[in-house]
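Next come two complexes, and both contain subunit A; in the first it sits with subunit B, in the second with subunit C.
Right after this comes the complex of A and B.
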């Protein structure tokens, strides 16, 4: 009896300690989500009345002229982001890992991590002002070589704007992603490398055949984070282009924001938000189900 | 460690608020008073230097001190709150925390009038201004004080009420570099053909002929070209006649008229004038600066890389005070489009597109003391403050401290350098304010797609498809939201049929 009572007390204490966290989570994350879901069935402006419209907000969005361009942009940004996140940081992590000196490895890890202290917004402003501006690095370089004809507003020219946006942060070499891959590489047993070398695997072949399959867990993690970040994120576009020129860089998240806070169409914005939620959920489930991590491969005996 | 502690202490040390910062607050003293009126006065914020030129402003602070002497229980507190940012304003208004008196474009206010966030001012405008001596304009009705009556009264919201006091006037004009014009033997153009020829010569001389941003083209450009191309057919399609409107606004299309005309094929791809409006803008685009979105146009003009600059009266302040302006400049208005240039035009003078630069609205925060405007003592003081501001000598002291806008009060003359704008403001008003007639979604889409079209991002057909859908959606929305019965115009439309006979290329009705 006393053991049961002790277990009960212990369990109660754990729940009591968890409850503040859960309460805050509920108030600031779960309730707003439910609220947004409910609001998506209403025509609602801030300060106005709720008017039930059923699925109208959803059907309207399906006919919204920004739907196709914005999801097209989102697809492009996501694919580009995935390409970058699965190649450059991994290659750099491998290069650092291959350094002989532990001190050098440490130094380079720190150096590549330092850029994350610069806020993302500040980084964008730097690119916008110093690189893409009319008198920025790109145009001035072109002028230096007498190619005034090639100068342009890189962020306002519809032909260049999307590429200008995705190339911000080039050469994509800083940040936490390198450390994630580095940790994955560090977790690979030395004996596996030795065995691969005995089998004649060297250099790039060893990297592709041994290292890459063994860091798939990290690839999977970064893939999920990149997809979620790209679908949810719109602040970059908001700061740089406001989704323009036209809708050339519009993304669904930004259109959601504009409908909510510029046009005050909260119900409509919530409907877009719910669609984005379902999209992220679907992509994550697909990723979890079909993208096999290192552990999955081990479990399958591959 | 010492350095870190030192930096932390420096960062946390309390400082006085900077008047130029966005959170700046200024008031005249720290004496406790019963009522505090928070005012976001826009460009006249005491202590700031508009366009970073001249001495810090003090005109409004002077006037406020005089007001506070009359009302010892009231403190006026100024704020640089970003009320022009819609996201900020909406959240503050919804929470009842917005400044009591704000300066916001009426287009934004109209979106929200049904929510009770703003106070209708008709009652006060129809009563005397207590600060005006008997026999002077304003002593019978506050309304009488305003110089540009038609524009001021055109600020009436869709619900028929007035929510703003139009304090000053702003108008656009084309500033041109006289030195460059003289050097190339150019003169002020008399019509559109000459205007384009001048720009061609400037371009051939390696000078950017015309400086204008995309926003101005979507706003002013569309309204002016529209007026030129539709001017001759207005007698046959103007279905509302409001005798209470003065001649200044007699040709203006309200949203219900636009919605009705849209059902008759106007503003669609079946309307050649509508297509031509945007086609002319695109043709003109070749003479503008390369990057219409991010170029610093003032810098381009001041450094003489651009010969003409289409901007507002506020630029006079810079051009008269900036020591870097080393050339003579002049001002002219957009010239008319002759029929020889475009088959739809008839060569009549360009219309006026300006309006109030500063307009004061009273928010729901102003009667928070009782929650009832009828009984609020705080509100009485807020209204009194605006009335006090519109006394001619006070307007003169505030508005004419800088050379940006023209006083909108009888008895307060504009500064000499702004007088050309006074002449422009006497013209007939534009037929439409496309960007401000419908909702903000319409505005957003039109701006974006026009920008894309004139910069070669989409074809004319694609652009017209967007515009057609945009106009239709906006018309449908306004008819639904305002519960407008368009059939009331049928009789007038039939009555005007004889006038439309002989008018060429009207859109076919379906």
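Right after this comes the complex of A and C.
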């Protein structure tokens, strides 16, 4: 009896110790999650009444004028992001890894990480104010070479705005991706390199045939993160272009934000949020299922 | 000899890319020390040496000071909260057997799958209903809720790796769970605590949209929302001041980075930036 009682007491203690975690999750994660779905079936503005509209928000979004341009932009941003994230940081990580001096390898990794200390908002405004501005780096450089005719408002000209947005952060080297690839490259055993050299693999061929398949796990991770991040992300557009000119840089996330906080259409915004959630879920599952990582290749005996 | 040239070539490429990467920030520092009339005369140029080099910083700091203090306060409280709540739960999941353990752990994991874009609007409606708008708590509590999930998994995998003899011998000496956690596990976990702390500080420092929509009262602005509003206000026409503000906003994290390079590098690669 006494044993059972002490067991019971310690079970209570265990649940008590876990309670802050689950209380926080319930209040600040679970409730908003459920509310997102519920609100998407209502017409609601702050201070007003909830009016049930069924699937109306969803069917309206199918005919929304921003639907095509915003998903087109999203596709472009995602493809560009994937291209960048799977090439530049990997190449730099490999270059760093090829250095003989241990200290130099460490120093480069530290130096390439420095841009992460700049708050994201500041980074974007720096590009806007210093590089794309009327008197910014791009236009001033063009003027220096006497090409006044090529200067423009890079973020207001509909022909350049989308490129200006994706090239923000060029040459895409700063940050954590190099470290992720570097860790992957460092995990490749020396014997594999030696075997490849014996087989006569050198330079770029060796990199593509030996290194790349062995860092596919990292590529897969960064692919998932890039897709999820791009589908969700609209801070950049919010700060730089507000989706304009026209809908030239509109993305679904930004349209959701505008519907909620500019047009007070909370239900409609939640419906867009739900659609983006389903899109992210679907893409993540696809990626998990069909993108073969290093481990999968090994398991298949390739 | 050929090897030597290869190494030199790699250094040259890396230094070239690195200078392109850091160039915007060098221009920002340069321009923040030039006066506006100098800036109007041309984009390229070095600051004239003298006291006026830092006048933009004085102006920017006047605006940014309360925002910086708010951000530091929110970062510190959130960080301590996440470390405490996360490590206690991780300890329980790692070292205690109880009914529903697997299920609850899975439930925690499931919360990592909820994207922020889905919950942004309903979270806002919810905290508004709770009366939390315009306070530090509207940032701290949701940050803790989100940040602890990752902390639990990092702490748990670390605790799982601690030798079980350590726990058994301490139990033999009559130590209870609290003593084990406080006197043994926490002191052993300094490196993980540093990583969890830094990951959280980075996340909190960079978050822009949530503080922007929940705290409209200037009293509660943080760095990110404050910088954006500064950019929207008439200060924006004063380029040097804006540039100085960007530099000032980066200094606290730069100090942290220099002070804790190792845990910082572990932190950013520990998978924390999985959305």
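Rule of thumb we're sticking to: the second predicted complex is superposed on the first by the 283 of 302 C-alpha atoms of A that agree within 3 Å, B and C clash if a C-alpha of one lies under 4 Å from a C-alpha of the other, contacts with A are read in each partner's own complex, and residues count from 1 in each chain.
We take it that contacts are C-beta pairs under 8 Å (C-beta built on N, C-alpha and C of every residue); 3 or more make two chains touch, one makes a residue touch a chain.
Bear in mind that the values here come from a model prediction, so they are computed numbers and not experimental data.
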Subunit B versus subunit C as contact partner of A:231, first or second or both or neither: second
First (subunit B), second (subunit C), both or neither touched by A:134: first
Partner with the higher number of touched subunit A residues, subunit C or subunit B: C
First, second, both or neither for A:261, with subunit B first and subunit C second: both
First, second, both or neither for A:13, with subunit B first and subunit C second: second
First (subunit B), second (subunit C), both or neither touched by A:46: both
Contacts of A:192 with subunit B and subunit C, given as first, second, both or neither: neither
Subunit B versus subunit C as contact partner of A:248, first or second or both or neither: first
Subunit B versus subunit C as contact partner of A:55, first or second or both or neither: neither
First, second, both or neither for A:120, with subunit B first and subunit C second: second
Shared subunit A surface residues [contacts with subunit B and with subunit C]: 46, 261
Subunit A-facing residues of subunit B, complex: 86-87, 90-91, 93-94, 111-112, 114-117, 290-296, 439-441, 444-445, 448-449, 451-452, 455-458, 466, 469
Touching residues (chain side subunit A, partner subunit C) in the complex: 10-11, 13-15, 17-18, 20-22, 24-25, 27-33, 35-36, 39, 46, 92, 95-96, 98-100, 104, 108-122, 125-127, 129-131, 135-137, 140, 144, 170-171, 173-174, 176, 179-180, 183, 221, 224-225, 228-229, 231-232, 235, 238-239, 253, 256-257, 260-261, 266, 269-270, 273-274, 276-277, 280-281, 284
Touching residues (chain side subunit A, partner subunit B) in the complex: 45-48, 65, 133-134, 151-153, 155-159, 243-248, 258-259, 261-265
Residue ranges of subunit C in contact with subunit A within the complex: 6-7, 10-11, 13-14, 17-18, 20-22, 24-25, 27-28, 31, 40, 42-44, 85-86, 88-89, 91-92, 96, 98-99, 104, 107-108, 111, 113-126, 128, 141-142, 144-146, 148-149, 152, 177, 202, 205-206, 208-209, 213, 223-224, 227-228, 231, 239, 242-243, 245-246, 249-250, 253-254, 256-257, 261, 264-265, 268-269, 271, 273-275
